[in-house]
Amino acid sequence: MKISARNILKGKVVSIVKGATTAHVRLDVNGAIITASITNEAVDELGLSVGKEAAAVIKASDVMVAVA
Amino acid sequence: MKISARNILKGKVVSIVKGATTAHVRLDVNGAIITASITNEAVDELGLSVGKEAAAVIKASDVMVAVA
Amino acid sequence: MKISARNILKGKVVSIVKGATTAHVRLDVNGAIITASITNEAVDELGLSVGKEAAAVIKASDVMVAVA
Amino acid sequence: MKISARNILKGKVVSIVKGATTAHVRLDVNGAIITASITNEAVDELGLSVGKEAAAVIKASDVMVAVA
Amino acid sequence: MKISARNILKGKVVSIVKGATTAHVRLDVNGAIITASITNEAVDELGLSVGKEAAAVIKASDVMVAVA
Amino acid sequence: MKISARNILKGKVVSIVKGATTAHVRLDVNGAIITASITNEAVDELGLSVGKEAAAVIKASDVMVAVA
């Protein structure tokens, strides 16, 4: 599958915290930590676990820019 | 200002393409290129230009995870 | 690639309108028309054209529910 | 109320799972299952229940496109 | 139509700027100006014009919080 | 920090409900109540509490418009 999302950032899973319906998954991407809030179901379906290679996928319209 | 968004990825602007109302801004973050689709107004208001330090800011609920 | 997004709706491209930076792509999914607003670049990179099979991909946290 | 969101997909509620604050609601839209992640409050306020007619509402800028 | 989005902020249209595909609509809500980036099509379909009563509709998961 | 998000609405926190991973924070902005769904972590990191001044931050592409 090839997707229109402009941002596909490859890294590794460093933590997974499941809530009642929503999980927080952290990826290490080139040393930067990226947090994703996804469904518990998706965590199970993708077989995510700490240390596994995975990518953060982000639509360009969901990215803001900030300056100091 | 301190914001609830979990992802604040520091980098540099590498390109800016303005459309009629919407601009595409690319940041180099640790070697990864991140594309943001923001308003032309925001580009002007933040004084964005190629080479300038800037951060990509992304809410955790807007990040998906993918595996190969 | 397998993605955490809960909604992957298979259909066919029925129209593509490119703007200055942003394109509107319409898919027919089981008779329902779904409109996606994506970058012109993504249209080119995916080689989208009318009649081509494609899927609408939507994160569950971006779906609202309405009743009459 | 008439809304700017381009995608209003009519269907029926097939399941509701409430978490601590966030619920997952599944709709059957022309045979496709669409998952929405909404607040528990919204589930109560809309009086959602399995079998009830409801629509999935999605802003065009939240729809991505993928090809095989 | 009753929608799950938690934020429905009533106001008046104060400006509309159409781009090639995407329009920026500004609403005055209790003295605060809210900018919406929507499709040109939606502007036409809703019959939006300066001075018209309209509401900004925002899903709770799209709202961030900031402190000074 | 200065951010590209077009909507920064200043107000006060009126309620905070924490779930397992996701919290709902309500702000009073000029008499309008705005609900944000953010991570529990962000609530802690920003030191949010009832009565505290805070702003709702919303990207323009996440705002829809509705008419009666």
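A, B, C, D, E and F are the chain letters, set down in written order, and residue numbers restart from 1 in every chain.
Assume a residue touches a chain if its C-beta (ideal position, glycine included) is under 8 Å from a C-beta of that chain, and two chains touch if they have at least 3 such contacts.
Computed from a prediction, not measured in an experiment: that's the story for all the values here.
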| item | value |
| --- | --- |
| Joint neighbours of chain F and chain A, given as chain labels | B, D |
| Of all other chains, the one whose Cα centre sits farthest from chain D | B |
| Turn needed to bring chain B onto chain C - CA fit, degrees, nearest 5 | 120 |
| Chain pair with the higher count of C-beta pairs in contact (C-D, A-C) | C-D |
| Inter-centroid spacing, chain F versus chain E (mean Cα positions, whole Å) | 17 |
| Separation of chain D from chain E, taking each centre as the mean of its C-alpha atoms, in whole Å | 21 |
| Distance between chain centroids, defined by C-alpha means - chain A, chain D (Å) | 23 |
| Residues of chain A touching at least two other chains | 1-6, 19-20, 22, 24, 35-39, 41-42, 46, 55, 57, 59-62, 64-68 |
| Graph class of chain-chain contacts, one of line, ring, star, complete, other | other |
| Complete list of chain pairs which touch one another | A-B, A-C, A-D, A-F, B-C, B-E, B-F, C-D, C-E, D-E, D-F, E-F |
| Residues on chain C engaged by chain E in the complex (per definition of touch) | 17-24, 35, 37, 61-62, 64-68 |
| Contacting residues of chain B [partner chain E, same complex] | 1-5, 19-22, 39, 41, 59, 61 |
| Chain C-facing residues of chain D, complex | 5-9, 24-25, 27, 29-32, 34-38, 42, 46-48, 52-68 |
| Interfacial residue positions of chain E with respect to chain D in the complex | 1-6, 36-39, 41-43, 45-46, 55, 57, 60-61 |
